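The chains carry the letters A, B and C, assigned in the order they are written, with residues numbered from 1 in each.
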Amino acid sequence: MKNFNKVFTVIVLLFLYIPMIVLAVGSFNSGMDIAVFKSFTFDNYKELFRDSVLLPLLLNSVIVALLSSIFATILGTCAALGIHSMGPRLRRFTMGVTNIPLTNPEIVTGVSLALLFAFVGTMMKINNILGFATLLIAHITFNLPYVILSVMPKLKQMDPNLREAALDLGCTPWQAFYKVVIHEITPGIVSGALMAFTMSLDDFVISYFVYGPRFVTLPVEIYNYTKKPLQPKIYALFTLLFAAILIVMVLMNLLQERDAKRSRENRRAFRRGKKVGA
Amino acid sequence: MKNKALAAPYLVWMALFTIVPLAIVAYYAFTDAATGEFTFANIANLGNYMPILIKSIWLALISSLICIVIGYPVAYFIANCKETTQRFLYMLVMLPMCISFLLRTLAWVALTEDTGIINNFITALGLQPLPLIRNNGAVVLGMVYNYLPYMIMPLYTVIMKIDRRLIEAAQDLGCNGVNVFKRVILPLSVPGIISGFTMVFVPAVSTFYISQKLGSSGTTLIGDVIESQFKTAYNPNLGAALSLILMVMIFICIGVMNRFGDEEEEVVTL
Amino acid sequence: MKRIVPLLLCAIMIFTMLPVQAKADDVTINVYNWGQYISDGTDGYIDVNKAFTEKTGIKVNYMTFDSNETMYTKLKTGGSTYDVIIPSDYMIARLIAEDMLEELDYSNIPNYALVDEAYKNTSYDPENKYSVPYTWGTVGVIYNKKYVSESDIGSWDLLWNEKYSGKILMFDNPRDAFAIAEFLLGIDINSEDQDELRSATYKLIEQKPLVQGYVMDQIFSKMEREEAWIAPYYAGDYLLMQQENPDLGFYFPKEGFNLFIDAACIPKGCQNKAAAEAYINFLCDPEISGENLDYLGYSTPISEAKQYMDPETAASEIAYPTEETLSNGRAFINLSEDTSRFTDSLWLQVKTQGGVDTYAIVCMCAVVVLLAAYFIIHGVRRKKRIANRCKRWKQ
């Protein structure tokens, strides 16, 4: 059974990585057609760095993702703290509201925001309301629940006495907050922020309904591209992105492992020391 | 820093950008496109699109079930590895999601087209090309591929948290492997199955890109129709009505799923 | 402190809602044009937008659409403004009728004088107030000579030929798609008769099982890579495709075909009218028009531009068909609003028709019944169990 599961997992992972392999191979293809490998070349990469359209669009995507995840993290963490101190009824209501964008299909969220912005635009007589601001608002809106859902469990796990202890030891409430509470929920905040960032970087459906001509993100442009023959430099761009993310993730993994090992050793040394002392 | 008011900006934000927009969708759904007057015509016309809606739900349901069947053993395996291996494997599962899903779907198109990679290979062997793309199977493949990590993620989290002592206790009480799985592990992973199902089903039922790229002219899904009403045929009222009905259907489906969860939990506790 | 944080957050929220103001000193115009419809520097041809920026210092933010209807929807939905749009004849008439276009100041567009008389005083803009022709062209059938036998070609019915099932592409916009069915049925392409439109709908539904997909600019890669063999499309684009795949052929169907003019207009809400007019004027410059359309393969409305073209393109029978062929061409006229709406709903019917097997419906019903049965049985059993437990507890 264990062996079957192992083989199965490997097969599923291969399945998940087939398209990456196709894209990576396609990025070194000298022909336009991804299905026919003509010859090996680096030209697509050279062309990518000379390209004046794709890189600014990537920058746009990163800007929106960064700003929206920062803002959603701040707003979401505050909200989680607030929800944590609510009564059960109010809390259930708030969590219900939080669940709306999570269970709503993306297309409905996109459509509803598009209608809202069009409505506000006609009300306020701004005829070019769609742009950076609307994109940012939409991204923050769909990022918020992810932040809240990853901070809430940490708050629940936190020992309420910790804060009391800090207050007893002479902290002001504010100090107790940022020295104890924030410290305790940091892992939740970080994972929420990371999740928000990746969700927003890769978002297509919602952006597709609320982008304006002045500010376009990479996924939206790729959708517009894919109606025409796709240029191999796009494969090159994503192969590079993928490689970069892979390296960062592996490094993070290794670092974490080293940290874990060190703390294990520390603990062991500490225990040994205690024994020796005793 | 115990203060309910901290949630106020959030609630205001959600009211402005979630509740109000949905109200506007409802408003559009009940007004006439030409005159702007109140009407039930959009909703009454929805009968025409019922077959499409049923087809969308059907394909999404199949995809979610396949995701459970494929995702469960993987999540189970990962959750039973050493801690460092666990982290590494989990990362490997999540990593493909960092690449734009548009491009990953396009890569599948390149693989499965009549003149695509797989069929080029098959014809090079002297065989007849296979009809791999532009059918329901291809759409299901696209959905399973794109949303499988969403299934593995919650399943893994839940299985990992199962108390090993429960399994040992069951074994001590004379359960064999199959029974341990059936009576202990599976019931305890129901919450994971439910949230995984939701996370796969909702995007799958409303997709429009996958069906456009991997489907045929006959696999138009509800998402395609909604998209077309807002992007090519200017009729936001019909689009809003369809969005509304899609939302309601999804809430019903999730409600049914959650009842499943409640029942199971009670069975466990009783 | 407790009060400050929420207040601060509210302030940030309001701040982000303010629209970001563009810097005033560099002028940028938003141009909204068909996809693959301008020479962009590929293969050593001119990059029109870059040349314009170099000449005038005005930056061009270039966006594309894939059908007149997409463009119309974008304008109508609101939220974004464009300075120059390039729709086709019937759509211009519709935009004029709905008061969505600005009147042009022709003193800013001196090159307009060079446009051939044949493209002035057109039926869509009879008084020459709103539009300046960009190109004109025809619709025909593109086919792959390797797979399609010569005996089958000549008529629109090639698109209904079961021999090529699954290898046929079709227009993804109602006007062009309906026109093909109407030519084949011998109906006027500007018909407003509901029965005639319905019969065209049935014709399209009849064709649907043979169609690989309803697409627009995807036709390029699908035809070049031989994923599809037959497609109706614009003649100019055929000339582009043929450079990539020489096996592609083209013909004008004998039943007649659509003849169109695409013209530059300025929509209401334009942010910089003078710059937009400068851009339109630039497009009409014979040298620019010649070099641009030399790449595109569409036909120029400015005869003087032909001297800047590759003589072979300028003499092409496909880009510039003979008078005899052209006499078979029909132009679209704007349909009344009711008919437009009706056509849209018929088109949606074509797109959503079929593909639903009773199998799926039966299975769905089975699932629903099973679920209901599960809950009922479960509910009954649970009640019993609770009742039993209560009994035991009382004892």
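One rule holds for everything that comes next: a residue touches a chain if its C-beta (ideal position, glycine included) is under 8 Å from a C-beta of that chain, and two chains touch if they have at least 3 such contacts.
Predicted, not measured: the structure shown is a model, and the values here were computed from it.
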{"item": "Chains most often in contact, by C-beta pairs", "value": "A-B"}
{"item": "Furthest chain, CA centroid comparison against subunit B", "value": "C"}
{"item": "Distance from subunit C to subunit B - Cα centre to Cα centre, in angstrom", "value": "31"}
{"item": "Whole-Å separation of chain centres (CA-atom averages), subunit A against subunit B", "value": "18"}
{"item": "Centroid distance [mean C-alpha coordinates] between subunit C and subunit A, Å", "value": "34"}
{"item": "Junction residues of subunit B, two or more chains touched", "value": "1, 3, 5-6, 8-9, 13, 113, 115, 230, 236"}
{"item": "Multi-partner residues of subunit C (each touching 2 or more other chains)", "value": "5-6, 9, 13, 77, 225"}
{"item": "Of all residues in subunit A, the ones touching two or more other chains", "value": "35, 75, 78, 114, 137, 140, 173-174, 230"}
{"item": "Residues of subunit B defined as touching subunit A within the complex", "value": "1-11, 13-15, 17-22, 24-25, 28, 70, 73-74, 76-78, 80, 83-84, 87-89, 91-93, 95-108, 110-111, 113, 115-117, 120, 145, 148-149, 177, 198, 202-203, 205-206, 208-209, 213, 223, 226-227, 230, 236, 239-240, 243, 246-247, 250-251, 254"}
{"item": "Contact set on subunit C toward subunit A in their complex", "value": "1, 5-6, 9, 12-13, 16-20, 22, 30, 32, 35-36, 61, 63-64, 66, 77-82, 215-218, 220-221, 224-225, 269, 271"}
{"item": "Residue ranges of subunit A in contact with subunit C within the complex", "value": "33, 35, 71, 74-75, 78, 114, 117-118, 121-122, 126-134, 136-137, 140, 173-174, 212-214, 224, 227-230"}
{"item": "Contacting residues of subunit C [partner subunit B, same complex]", "value": "2-3, 5-6, 9-10, 13, 67, 69-70, 72-74, 76-77, 166, 170, 172-174, 208-209, 211-214, 225-227, 337, 341, 344, 347-349, 351-352, 354-356, 360-361, 363-364, 367, 371, 375, 378, 382, 385"}
{"item": "Subunit A to subunit B touching residues, read off their complex", "value": "1-2, 4-6, 8-9, 12-13, 15-20, 22-23, 26, 34-36, 75-76, 78-79, 81-86, 90, 94, 97-98, 100-101, 103-109, 111-116, 119, 137-138, 140-141, 144, 148, 173-174, 176-177, 181, 198, 201-202, 204-205, 209, 218-219, 222-223, 226, 230, 234-235, 238, 241-242, 245-246, 249-250, 253, 256-257, 260"}
